[in-house]
Each structure stands twice: as C-alpha cells, then as structure tokens.
Amino acid sequence: MTLDEVLAGLFPTGHAVQSGPYGTICGTGRIEGAGDCDVIGIVDGTPLSIDGALVLAGHVLDVVAKGGKGTLMVLVDTSSQNMARRDELLGLNEFLAHLSKCFALAATEGVFTLGVLYGHAMAGAFISTALSTQVLAALPGAFPSVMDLPSISRVTKLPIETLTELAKTTPIFAPGLDPLYATGAVTEKWDMANLQSQLKGAIARRPAGTADGRDVIGLERKGRLQARAIAQKVIAEAAAHA
Amino acid sequence: MEQFQIHVASARPAPGDRRQATVGVNASGNIEILVERVLPETECLVEVTTAVTGYRTLWQAVIEDFCDRCPTGGLRFAINDGGARPDIVHLRLMQGARLMGGEP
Amino acid sequence: MAQWNKQRSEREVRLAVAAKYADGKVVLAGNVVAFLSSVVCTGDRVCLEGDNQKQADFLADALASVDKAQIHDLHIVQSGVVLQSHIDLFEKGIARKLDFSYSGPQGHAIARALDSGKIELGAVHTYIELFARYFMDLTPNVALIAAVQADRAGNLYTGPNTEDTPTIVEATAFKSGIVVAQVNKIVDTLPRVDIPGGMVDFVIEADRPFYVEPLFTRDPASVTEIQILMAMMALKGIYAPYGVRRLNHGIGFPTAAIELILPTYGEQLGLRGKVATHFALNPHPTLIPAIESGWVEQIHSFGSEVGMDSYMQERSDIYFTGHDGTLRSNRLLCQAAGLYACDMFIGSTLQIDLAGNSSTFTSGRIAGFGGAPNMGSDARGRRHPSPAWLMAGREAVDNPTSLARGRKLVVQMIETFGEKMVPNFVEELDSVKMAEQLKLELAPVMIYGDDVSHIVTEEGIANLLLCRNAEEREQAIRGVAGFTPVGLGRNRAAVEALRARGVIRRPEDMGINPLSATRQLLAAHTIEDLVTWSGGLYHPPAKFRNW
Amino acid sequence: MSNIINLVDHDYYEASARDRIGGVLDPGSFHEFLGPENRTVSPHLAQFNLTGAFDDGLIIGAGTLSGEKVYIAAQEGRFMGGAFGEVHGAKLVGLLRAARDNATAKGIRAVLLLLDTGGVRLQEANAGELAIAEAAHAIVEVRIAGVAVIALVGGKSGAFGGGGIVTAFCSRIIVSDHGRIGVSGPEVIETNKGVEEFDAKDKGLVWRIDGGRTRSMMGGADVFVKDRVRDFRAAAIEQIPKAPPFTLATLVAEQARLAARLQAYGDCRDAPEIWQKAGVADPSGIADVSEEAFATMPRLKEAAHDAR
C-alpha cells in the first residue's frame, strides 16, 4: 500500500500533506465535519534516524505550541531505527526518546495522538512512533514487529521452523499484526473500505485522559495474560507499604 | 527442561533464624537458589528446575553430599539452573546454607 | 688423512655463497629467501627461534618459502612451534623431523601432521632439557633468531624479550654453525649489547617488528569464584603453613587468582613478607597489585610480557634490568632458578589420573610442556635447605632422620570439571591412548605423580606427601575429585580417614567460608584496574582493552 | 607503595542487582515488592527450554535514600541479559504506576532505575516491547506527578534497545565508565550492516561509540561517576533535586539541545572526531585519562543543559 493510497483513503476530501526530509511527512488532512487534523509521519519504509526523529519531534512540539486540542495523526511505515554507528554515537536513544516524549507531552496537553500503521514498524522505531500514541490503528498489510524471525532464531538458537510452529500457539514473540493486536499494542484494525469513517469513529471515541490501557486490552484479547495482574499486584503491595 | 525434587528426610536442623535468602543468579554456568525456612526441622527439600536433562543422579549425589556436610533441616532450596557445573551447584548450596545461618 | 675441521670448512663455504646477498653482515629484506637458500642446506638442524613469547616470524615465513626441491628434510629444534609458518615447513616437506617444547595454538595442527606422517617427532621436552640437548646431540647448524636492534657489526639488542636467544646462539656459534638475526631496526648505537657481534653472522632488518604473543596476560574479569575459592585454599592451606617464599606460578587462571588475592586475603592472613617474596616468573600483569602492595622482593623472568616494559623499567628493584633500564630475561637461567632455587611450583593442568600424573595432552592436541615439567619436579641435586623444602621432605617420610632430604612442593590446581562438563580427573590420561595411536615411545606426561606434592581442587586439598602407599594416594585424589566419576568412585570411609589425618582438607577444615569466595576479594577486577595499580605504567595490548 | 585502589570498595559493574540496591539505598531500608518467594517466573521461557528466575530478573521495592522515600528497580544484567519480558516489564510498570499514585500521599521523592539490559527479551519480544512502551509512558506520568526518575547505568549489559530509550525518558542519567547506552547494540549493527559499519569485537570502538565517557561528554548523561556503588548513591542523592519538570519548555529546550549537537557533529563517525571538532585537547587521549581526571574535565558546550 502506498502513502498516496492511504492518504486518499483517509482524507477523500483533500489533504495538504507534504514530504519532508529523512522520510518524514507533515501537513494536514481534512475530515468531513470535523475540520483539519494534523498529520505527520515516517514513511516509505525509511529507517528512523536521529535526523528524522528530530524533524518529527519539532512538528509535534509545533502542534503542542499551537495550543489546539485536535487530532495529531502519525502515519508509520518505517523499517526500524537507523542502524548506524554515527546515529548511535550521537545518541540515537535520546533522539528516539525525545520524539516519544513529545508525543506523550502532546497527549498530556490535550492533543489526541492517533497512530496509523500502514507498513512496517520495528524495534526502537516502533516504540518511539506507533507505540507512543494513545490509539494505534493498523491498516491491512501493516507489519509491526520487534525483531524478525531469523534474528530471533539466531538469538534463541531455535530453527525458524520451530519458531514458526511455536508462533501458532502464542502471540508473545512472533512478528506481525495479529500477535501485536492480541498483546494490546495495536488498538484497532481498520480495513480499507471507507477509511475516513473509521477515522471519525476513532476520533469520536478518543480517550478522555492519557491512561495507558494496553495491558487491559492484552488481557482481554488473551495475548498478554500476566502483565496486568502483575502490575496490579505491585501497585497493591506498594499501597500497603508505608 | 527437567524438574524434580530431592527430599532428605533426616537432616540436622539448620542453625539461625533467617527466613529467606537468595544466592547466585540464573546465568550461563550459574544457578539461582531461593532458600526458605518452611519445613519441619529435620527435613530438607531441594526443588530443581534445569534446562540440562539427564543429570538427575549427579544432582542427587551433589545434594546428598551437601546435606551430609551441612545442617539443612527445615530448609527448602528452590533452584533455577542455567547449566551450572556440579561444583558451582555445591558452592551455591553451601553459600545459601551459610546465609540462612545468619552470616552476612 | 682424517679431517678434523669439516664443520668449519662447510661453514666457510656457505658464508662465501651467502656473501653475495650481504653487505658485510647486513642482508636486505628483499633478498631473504635467496639468502636463506644459501645458508641452509638439506638435512640441517635448524633452530628457527620460536620462543614462548617472541617469534622470528619474518625468517620463519622466508624459510617456509624456500624451494623444497633444493632444501628439504630439515630437522627443526626449537622450543616453541606456534606459528602457522612453523607448521607450513612440515606440510610443504621442507622440514621433516621435530624436537620441541611447547606448541600452544598449534597443538591440533601438530597432532594432525604427526598422524599424517608429515612430522617425524623426536621428542617433546621441557625447556631446559631441550636447551641441554643443544649442547649434546641437537646442536643447530643454523640458528635464525630475532632481536630488537642490531648494529652493522652484528651486535644485538634483544630488548626485554631476550628469552632463548643467548642459549641458541651459544650452541650454534661455537659449533661452527651460522647465526642469522632478524631485527626490527639496524642502528648505529645499541642501548645495550645482549649478544656480541662476534657470534652473529648476518642481520636482516625485517619489514615488521617480530611478533610477540601476550601469553601471560590473564584478564581479572574472567577469574571465577571457584578459582578464587581454590586460591584461598592454596594460600591458607599451602603457602602459609610451609612459608613458601621462593616460587614459580604457572600460567592459568587459578594462579592469577592467587596473585590477585595476595593484597586482600593474603593481607588478612598476615602473610605479607612471609610468603611469595621471590619469584621465577614471567612478568604477570596480575602480580602488579601484590608488587605495589609490597609483597614481592624480586622476580627473575623467562621472557617479557607485552605492555609490561615501562612498568618493569620503573621497578628495577624488583625486576632484572640492563643498564639501559629495560628488562633482561633469560629462559635457560630462569628455568635453572625454577628448578634449583624455588621451593614451590604451583600451576594448572588439564588432566590428572589416579596416580597424580598430569597432562595437558588431551585428545587430538599436542600442547607441549614448556617449563612445567622442569619447575614441577623435585630437584634431586639440590643441597641447600629452606624451611618449606625441609618441611615437605619431612612430611614425605615416617621417621625423618637427620639425613632426610627436603622436597620441592609441586602443586597442581585443577577444577574437577572442564569445558562442557568434561571431567578433568580420569582413570587413564588421554595421552596414553594418543601415544599408542601415534606410536610414541613415551606417553607425554607433564608432571609425574611422584613429583606432585599437592592437588588443589574446589573440593579441597589433597596432600600427597602424607600418603604412604598407592591405595592412599588414589583415595586422596578421589577425595578431591568432586562429582566426577573418579570422585564419585571414592571409598567414603577411606576418604574420611584421610581427612582426619589432614591428608585431605576441605574449605571448612581450613576455616574458609564459601561466602567470602567472591570476586570482591580480587585486588583488581579488570585490566583497567591493573593499569591503575601500575600508576599508568602498564600498557595492555589492544585485545585486552575496552577503552 | 602506591596503593591507589581501595580494596573495600564494591564496584557497581560487578555487583548483583540486589547488592546494588543494598548499597545505593540507606542501609537496611529496602522493602521488596513481589519478592522471589512469590516465584513470579516468566511463563514463556520454558517453551524455549530455558529456566526462569524467581524475580524474572527485576528487583523492585521501596526504601529510603538519605532519609527520603524512594522507589527503586534494578535489573539483573546477567539473567537473560537483563532483558524485558512480560513479568519483568510488568513489575517495572507496576512500580512506576505506584510511584505516580503515591507521589503525594506517601511522599515518594524519586524512582531510581538501575538499568542493566540488552533491551527486549526476544523469547517474549512482543510483551517486552509493550512493557517498554508502557514503562516509558509511566515515567512521564511519574515525572508529571513531580517525582524525579533517575537512571543509573553501569552494568554488564548496559542500557540498550528499549532500555536505552527508557534511560533517556528519565529526569536525570548517571553513568560510569563501564556503562554503555545505545539503541542498536554493536553486534546487531554488525550483523545487519556489516563489520565495516561496526566492528563489534573492537572493544575500544564499542566504548567510544556507546560508552559512559562519550555519553557524558556529549550530554547523553548528566553525571559521570567512578564505578563504585557508593558513587552512584552519592550522585543519585545529588541529582534528585536537580530533576527538570516534564513540560513543553523542557522539551523545547531538549529539541534545541539535540539540534545543536546534530548541527555541530552530525558528520562525525567516531568520538575523537567530535572531541577534535569541539577543540578538546588531546582528543584520542580521553579514553586513557583516569576516571577521576575525566570526571572533572569540561563537557562539550552542547552538553551544558538540564533539558530531558
């Protein structure tokens, strides 16, 4: 799926989204009856570099500075964080965290951050973009992942066939939309027919606060059975402690 | 993966009054032991979880030798094994028993 | 008419041919192969200086490049066979027979070449034994050696790594042989003369500095708690009671652990000044904290160690140095010191059998011995007393008379299991089977059981001096063999009886708390810590640095 | 006798997670939440034929630091490389949420994160990744609640992958010489991009790219400490009052700080190139000066800030 197809589907009445440097995009899209929504993104499978992350963070801060309480859509198709010595040397972790913190700040300031994943998103790039939004919608063909199976195979020293077989019984490690939907990373799955109405629905249902309910969703979908209960137990023990 | 328990029925009561201690870490060639004072004072139980199968008799020998050398009555040892050699297992068990005896 | 100077004439002939490649004694690097082809002849005994540390690698490469049709059937007589080019000589058929001491990284390759008939093995020696044979029946016709600098008269400066050079040159030069030195640089004035030019026929400035292996650098980060426990036992159970002041440490991690706990545990035991004051020892970086803490009075070294030069230069009260300031090492003399002037050898091994014989020859690997069999043997010719020597001697007999001789302490440190859970205690050494397969007349044994006085494992110390017969000895060994099949095969009652007599001692018998066997006991945890201890004088090689 | 190394000092690098907690907090003040007796072992490792740990490699609880109430979490970098799994991650998330909830009611002053992690545990990659996202989110909430979140990095596994990102979410970052902070580990880059891009076996290079000195020179960490537990403790005490608030102004300042770094050094591929450009005397010698001397060296001007 191309970016143009996605934009056309999301904003059939028009958009002013333009390509920026380092695989970024920025602009606005028109939503019928709901005004404009801010759109940014990392697209075309571009690895998320320190340069790209800084550009995107700047856009987010601009949106926050504007003071609106509208929607900030984050379109995502990125392979992974840029794997390069130079990016690491200059502190890629800070750049990715900074971007992610900017999204968190936006949500805190009343902006609705909505991730739309239409391609790949892997590892650190996944965390600092798609997983940093309040709601993450995935389009058909989206392929979120933490690590590809060959790499998992190398680390776990298990053959890919075994892993593929194992992945059928548990969503806990395997890459792809379904496992990450089950574990609560992806909030909703959208289809391509009438995208804007699904977008409108998401905006209508926008969460009131910034609470993180992904562990609850993961439990409901039986993809992450322990996380919620463990976190609650810790909270209870802490509450009981002076 | 293999899990089993080794029970020693007539152990000498372990000194000290510490309730719980941990020693070691589950890493390659190492083990983690959680020691708890939860059993009748002449009994000792060792629960082993190991990734390396087929060494049960060796574990038995190590644990029996340990209980021979060291008063372990009342203690339950739970082990997560990361593929440790018997000498490391023995050392960690000795360390765990010493910790329960009140040593820092 | 009898000819009494054939060797000298032969030498003159070769020198005359070689002269066309030389300007006086100086040969250009580019001519080295042609030059070597003129001084080396088929059937020669050649010492291609391969020491424990330094390597005449430039000359080795050149010798491996000569035309095999012209030069073959060489007999290589050198202590270390560690370079690929050393093996190439045999694989290519340039050399055929081998007498050596140590092979280290080429242990597998030598075993393969032996098996395929490419190498005809003379014998595996201890250093001092091979050197002795240089003067008896293995005198080199040609010695290809390495030095740091030469002048045009052939005087050599070997720098801190003098090692085997004086011995090789002595044997070759004074028996009408030819001595060729590769040097890093030809200069006008040498810092000091280690080898007089009168013994050197040719010098070649090599295209690179000779290779030196950092063989004695043990990273403290890799020392395990088990090794620390063993080190504690050795200190408290052997160094302290015997009062061992003059000694040699082997190369392994357990002895590195001992060095690193001298300033901590040793200090707690109040042993400073009472033990470990004089060493025959390579410059172990792990000994730096003990030296800096005032433990060590004097060290003589077999060779140098990469990165230790500045440190030793600034510690001339401890090390032997030339008037130029740098270390002077000498393997033959240091081995002699190890044999006659040390009260203890303590080192690691790879395998021990029920009689206490130990070997580093494990299946498919001919590692050689180095100096261990020499230092790890009782010197029957020794006549001077010392408390440690006398005490060991008295333990070894029931009713010591006034004529009872002393004994050297020979201590083997070994963890009961090796890599991949392979037991290090065995009924029969691998080398026995290997000797059968390779049709060796003598199964390689690093230290014979009757020379071993103590075995230290993580389970305890077995004092073999106190054993009175083979049966006791076997049970003493089984009694510290842990959970290996040999250890599990012990007679428990017999072992307890030996323990009651102090033949076997466990950590708890020595008052050693297993909880204190932690890495916190190490005076240095990293190579970086060693640099700090040295006041920045130790310069570790890149592969040991992470900064 | 030039005895420089104090032998009773416990180094942070080698200490276990429990020992680090014991040494950082006021003696005896630690109270563990969900301790090993609960046996919260990962339910996912067995299918990979791996045994678990009773605390799943993360120790959490409450204690005091110089008398102030704090929460603390320490990763055991030797168990599964300190990696985030479901239980491990949920314990951290729970602790952070508890800090948020109890900030005022119980007067929690800070959360100390003793990170020692290679990132996500691949055997439970999705749960680990989510836990990191949740923890990052929770750190923001904790900071908004007025509680300082302090990262301490000096363990064997460093702070890589999501662990590197979590580090940079914290209010303040303390690092030692041995601490490494990054996203893609050297081996990962070498595997994916080739040895020319990153030779992971070149330890000196690894430390120049990811190590504590580089991070602190450039502003990727706020304090450089000697590798001793008590130095980490002292730095944590000192840094808590200096924690910046989580506000638009802070992030705008961070944007400017990172932009300045990128502008000045964006074309550098090794640390000495940066030191050279910045006019540091003896750029290649930075690795060789002692920890003490390094600690007092001036940082790059782009690092003079407190925005994170």
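Read from first to last, the chains carry the letters A, B, C and D; within each, the first residue is number 1.
We adopt the following convention: a residue touches a chain if its C-beta (ideal position, glycine included) is under 8 Å from a C-beta of that chain, and two chains touch if they have at least 3 such contacts.
None of these values were measured; they are calculated from a predicted model.
Asks: For chain A and chain B, which third chains touch each of them?
Replies: The shared contacts of chain A and chain B, listed by label, come to D.
Asks: By Cα centroids, which chain is closest to the centre of the whole protein?
Replies: D
Asks: Per the contact rule at the top, check every chain pair and give me the one with the most C-beta pairs in contact.
Replies: Highest contact count belongs to chains A-D.
Asks: Measuring centre to centre with CA averages, how many angstrom lie between chain B and chain C?
Replies: 41
Asks: Any idea how many Å lie between the Cα centroids of chain A and chain C?
Replies: That pair's centroid distance is 61 Å.
Asks: Using the average of all C-alpha atoms in each chain as its centre, how far is it in Å between chain C and chain D?
Replies: Their C-alpha centroids are separated by 44 Å.
Asks: Measuring from the mean C-alpha position of chain A to the mean C-alpha position of chain D, what distance in angstrom results?
Replies: Taking the average C-alpha coordinate of chain A and of chain D, the gap between them is 24 Å.
Asks: Give the pairs of chains that touch; include all such pairs.
Replies: Listed by label, chains in contact pair as A-D, B-C, B-D, C-D.
Asks: Where on chain C does chain D make contact in their complex?
Replies: 263-264, 289, 292-294, 519-520, 523-525, 528-529, 532-533, 535-536, 542, 545-547
Asks: In the complex, go through chain D and note every residue touching chain A.
Replies: Interface residues on chain D, with respect to chain A: 31, 33-34, 40, 43-44, 47-48, 60, 62, 71, 86-87, 89-91, 93-95, 97-99, 101-102, 106, 120, 122-134, 136-138, 140-141, 144, 159, 161-162, 164-169, 181-184, 188-189, 191-193, 197-198, 208-210, 214-215, 218-220, 246-248, 251-252, 254-255, 258-259, 261-262, 265-271, 274, 308.
Asks: In the complex of these two chains, what residues of chain C are touching chain B?
Replies: 225-226, 229, 415-417, 421, 458-459, 482-483, 488, 506, 508, 513-515, 517
Asks: Within the complex, which stretch of chain B touches chain D?
Replies: Contacts found on chain B: 1, 20, 22, 25-27, 30, 32, 34, 36, 49-51, 78, 80-82.
Asks: Quick check: in the complex, which residue numbers of chain D touch chain B?
Replies: Listed in rising order, the residues of chain D that touch chain B are 16, 18, 35-37, 39, 41, 46, 49-54, 76, 78-79.
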